[in-house]
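Here chain A shows up in two complexes: once beside chain B, once beside chain C.
For the complex of A and B:
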């Protein structure tokens, strides 16, 4: 790990005492000893166990459901179907990584009149044991009228394609169109004059790309416990990225006042965007209501996770770019068609931003299509839509550089956006660190190291992610021993209790160990958006900064009282409150808080707008086995502008994780369907994510170009690192074997086919 | 209800008498029967290692072992790894190296790494990666996990035999 510093724009008093250090996480001991309670670990008295009946078909009309036999099984306490769900109108809600329509969510939670994908939930049972619930589920009789499925995004766009949602109409550049369709929307960004731009080019490259459906792959399956109490209050314990988002969805879907729903977030075993929306939560609440108000727990198995949650979009992407001989991009055109699964809402919007975001372009056109198909409803996945998009554009950038004969990093540098440039979709960049990542990559020993051996190659790619601010609230109080209790509402998926506590400690000039952060339920702290959009260390950290300032102000008041001086005369530095030569330590005042009669409490909420985008540049060396088509990652370096690394170990960890997921996406991962739309590889054996053997150590370079929009210069870091890997690996494969790969994953089979095609031509 | 069987076993050094159905896995009985929920379930078919425990000191996926197979044997779970004086060196190194993000895979990795170090107290990076290939982690890219295991071995070459109730 190397640190490059840029202090410009950092508020506060760098050098910091706490920020930039690597303390142990507060939840660490619980997590290495097995005490931490995750979703499936919740157990309540008199708890029942649920199981779900799922559709064996990809597309069918439900003509009848008979649950009577299941209801008669001894031990079965409740059976629910969509008939138990209230009727919902269109309600749009932003889960943090994209807007969803809750009418569709209701339909996804339990299929209404049609099943729309293999694994779509149809009915649920609660019983005294999981075994009984599973047996009873098999006794539910559903009659289906089969309909032809459509699985491919381009097929689904055709006029004669089977219609999946009868009421869907295309939103064409903001206007509703007439007529049934699978195209939910068409968006467009344009600038300049494309014809003129391409006319100015010496070289034009145009390519088509296809990418498969992939899953977030969190190791913890979804799990929820619901208690619909006798007084009408619903409590849900679940593993989620955003307890408030779950609360709001449950309240809307069950038509309950929001104050009648409490969500208690458990520890969460990975989310990556896939644990923002509800699946089991409304169902366990409904089951509990029907089962005499006993708590009901439901946990998915891995097959259910793969069949019915996640995934992210398969896509068709066409990219055309022109450049002059001396390496200046003149024009770019991109066409993106993303499948959304069974309901509108693919991440094509953010994909259309990512695809050209790193480059200065006077002439451009981007068209994006959101298309439904008979696959599970797509969910956000780390930098939603970005990996597919950058795979396409970074391959074309690489090809242009190769044709011109220019170093690929130099080519990017010539065209890289900087502060004041306009992003492809319009907004003007504030201070960003893209150029700094390119320089750091150029200077990295990896980029200069000779790469010897047959079938070996080196590739680079860059990537952008916009990040997110969102809303955060925290509350805090000071203990008589001088420590601070911090209540937050951001589920901690990768060390954010630590990174938030560190920002509070820095603000208050106290020790990190003196901050005790707790992630609490939706009744115990103000509203928080989800842990998503790379926003938690940024946004909730900012709220902690604000609450820290308020606590210090409050402590100054206490100091003034105790020293019997004017409040205005009190200064605070290094844990000491002083006034005209008299002073009191932070802890001394804290000790007297209880007797003074003024407990020190504060709360703060923020909704930051300047969240500061992230840029990354990755270097990868691969070796391709021409006999088997297998690609081995020999060396990997990820460079990223992280703003300010609060806890560098967890920042590095985000880069590592993004790279690993990106490499899995690049080389292995893909949903495999048969023609009828059955998912054939719904297990970790057949849907293969990278193991420790598939990856080398991943070197990281944290470039710190402070985000002027944050008190400590923080930028979101979690999502950017999954954007470049597929492009970087593809470019390395080209360098190794001279073949341009245009499909994801670049699995052994596709590599061999490409090699054979190359031999033939 | 299927007939129940009594299983006499030892769990983390304590004698335990379990009443279980013959079809139940060791994982299910640990989690649901004994509420030892530190052992995690990620796939229930032997592909993720989240459910790793030691059975007579041997690394197994508890989702692939029937509870009745524990008869007369000793089971070590993540709850039995810490030492009387504090965390096991592997647990400590996992924390120091930030080798966990979400932490759901961590119990499995620690159990698996303990078994490795018992067998091979000073493994190479390649050996660590090979041994841990049965444990999936989606968060960390394995870098810091591999470092934590290598560092544990380096700091105390005989660490594998610390703690736990393995014979």
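For the complex of A and C:
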């Protein structure tokens, strides 16, 4: 269902001819027939195969590495360790997932002097077959001095915790504190007078929450092929969300000029933020160089993916909120400690924005801590930090509404932010559609449907995501048959070839089928930030809009020449160029380009800044089995302000995907470690993501409150839908069995423990 | 004059004031003037002439880290966490 609240986008052309339709995706046939080339499908002449030696320990100093025996194995062509990497100083760079220190990235790619988590890469081998490489890896001798690991975020914050990075100091907005620590940074947002705010409350609820480490769970593992050519040029083929980010990281880590690195993005089988940073890419390049400039391929298995890539942060969150009996929030306080894995960079900054973003608050305090532990370095994961944060705040909101006796959507409406209100961290909202999602949820048949049966409950939760603009470039040229070749640098994960081509077609008033989009390498188009931050349909779509305007202008010049009239007299509408009664069709001019002048090509580069935020409200019905603790999802409805749905099917797909991942996070998924820091469930058998059998059909409502900061009113849509699910499911569980769940995942074991605790009390 | 919201962790430099005013036609001018009145503020928020990594500047609700970004008399400036996403 689509509910359009604003009839026009900024371009003011609605009703649209292409936008809002549901054409086939250009890459669909190749993907369903198995012809699409993913990372592991790349094969080059004389290619070698790599394997990685990984740490069996969570925390240890490397006292020696002996690779001599491995090097002697017939078929082995190269062995590399961190000693082969250039020494990297502190370089902070933004990969589209937040800022990272490349010195730490180098240390993560191949462990320097210490291993910092179970599965940390230590050495790599290239050989004539994968089997030989894997056997040779076993012959590498590494001596470790074991160190005590710390895995829990609150334990890691204690003064006597084992120190993971000796040089780490806590940073507080540009100021470094003295003394070794695992707390990388502290942020704070504060407004009003907290004491006064809580004094005005009739009811105060305070709860603590814990969430486990979870992985993005992309189906395609990491894979990379590297060719370090004799002339010094490096080419990398890889599955990535951001080819330019990979290029820049490889360039920095190997100390190569950026012009000496080309990255060719393959098709990508999911990323969700986990395919922004490098893991294998610098290693295959190093191996290629050492192996006589032969190409080298490495592909992770699932265990490696889970042990050493992703995941997102486990967290401890404490939320305290006060409200009056008539349902007005008076104050809120939040404390968030997010584990970053072994290197700084958890998403606690965005979590601290998300946690109170939907609500009007005059008095608030938010403290956030980025803390390192002996787990794999955390990576972005779809609305990084948001799901944990909203799980906590939406549960407290629900509890306040229940205590007051107010409908939970009505309670949210009473406190919901609208245009002109101030976000928790300060800035004032422009046009947003949170209230519209609440109304749409209230009016949805799901919310009014009776829910009968024992141990069944209904929950709602809302969520915010800021979205992102980033930088995008496209190039386009007009073919003699009137079609348009569109070159993009944004890897297509969720149907963006289609959504970007549709915006170009709409702009040029031509058929969608006449636009041929291609995702190309880093040498073939201008810079593009990663496909992440829900930015691609927004930002690269904007670049397509700009290039479309340029192509039309150029075609007008061609029309003026052919019609032998002044350029200023040419008008363009519905694919027809006209002047004083004479006219030429778009395709007619294209056919005569040779006659009229020069080829028609254009490029555009944009860095849009008004990337309107997204809000969503979810409704879920669950049934809890009190004997086993298993939670079944009976019905799910996701309502979201999407700005303008360019291709509604793909927008609905984003909502479906966000809900599916969010439900997995809510009910099943978590990393399980033993006391020594060994990951015990590094397979999809034991790390359980939801399957189609675990989920009902997911209903979606696309609320269209146009973003005034985009030509067609687009808002990012991919991340918002993963923010509310955990909170919504928790609230439904409470409605079903009267137990407030405060731990993720809400697995059968934790549900039973909570039920038993309730019986005892 | 533009209104600048001072992040809590550096309000020690403004004597605890959460909101201050500073003249200037660009973000650079406003920050320079602010630093003249509250020495050290610029160094906490900027590094090597750029906004510190992990921080974004919003002017009237729009993220823009360009120091030559124009600022109106009634503009509102915030320093917020830099958020991109996954």
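Definition applied: the second predicted complex is superposed on the first by the 749 of 761 C-alpha atoms of A that agree within 3 Å, B and C clash if a C-alpha of one lies under 4 Å from a C-alpha of the other, contacts with A are read in each partner's own complex, and residues count from 1 in each chain.
The rule is simple: contacts are C-beta pairs under 8 Å (C-beta built on N, C-alpha and C of every residue); 3 or more make two chains touch, one makes a residue touch a chain.
Keep in mind it's a predicted model, so treat the numbers as computed, not measured.
S.K.: Would you check which partner chain A:704 touches, where first means chain B only, second means chain C only, and both and neither mean what they say?
M.R.: A:704: touches no partner chain.
S.K.: Per the contact definition in the header, classify A:621: touching chain B only (first), chain C only (second), both, or neither.
M.R.: A:621 contacts neither chain B nor chain C.
S.K.: Check whether A:610 is in contact with chain B, with chain C, with both or with neither, and answer first, second, both or neither.
M.R.: A:610 sits against chain C, while chain B stays out of touch.
S.K.: Once the shared chain is lined up, is A:304 touching chain B (first), chain C (second), both, or neither of them?
M.R.: neither
S.K.: Is A:381 in contact with chain B, with chain C, with both, or with neither (first, second, both, neither)?
M.R.: second
S.K.: Tell me the contact category for A:272 with respect to chain B and chain C: first, second, both or neither.
M.R.: So A:272 meets both chain B and chain C here.
S.K.: Considering only touches as defined above, state whether A:220 meets chain B (first), chain C (second), both or neither.
M.R.: So A:220 only meets chain B here.
S.K.: Using the superposition described at the top, list the residues of chain A that contact chain B and also contact chain C.
M.R.: 216, 271-272
S.K.: Residue numbers of chain A touching chain C in their complex, please.
M.R.: Touching chain C: residues 92, 94, 96-99, 172-175, 185-191, 216, 271-274, 276, 349-350, 352-353, 379-384, 425-430, 465-470, 529, 532-535, 609-611, 709, 716, 719 of chain A.
S.K.: Mind listing the chain C positions that touch chain A in their complex?
M.R.: 5, 7-10, 18, 43-45, 47, 52-55, 58, 60-64, 76, 78, 80-86
S.K.: Which of the residues in chain A end up touching chain B in this complex?
M.R.: So the residues of chain A in touch with chain B come to 22, 24-25, 27-29, 31-38, 40-41, 43, 131, 216-221, 267-272, 299, 301-302, 493-495, 647, 649-650, 652-653, 656-657, 659-661, 683-685, 689-693, 695, 697-698.
S.K.: Give the list of chain B residues in touch with chain A in this complex.
M.R.: 21, 31, 35-45, 47-48, 50, 77-79, 81-82, 87, 91, 94-98, 100-107, 110, 125, 128-130, 132-147
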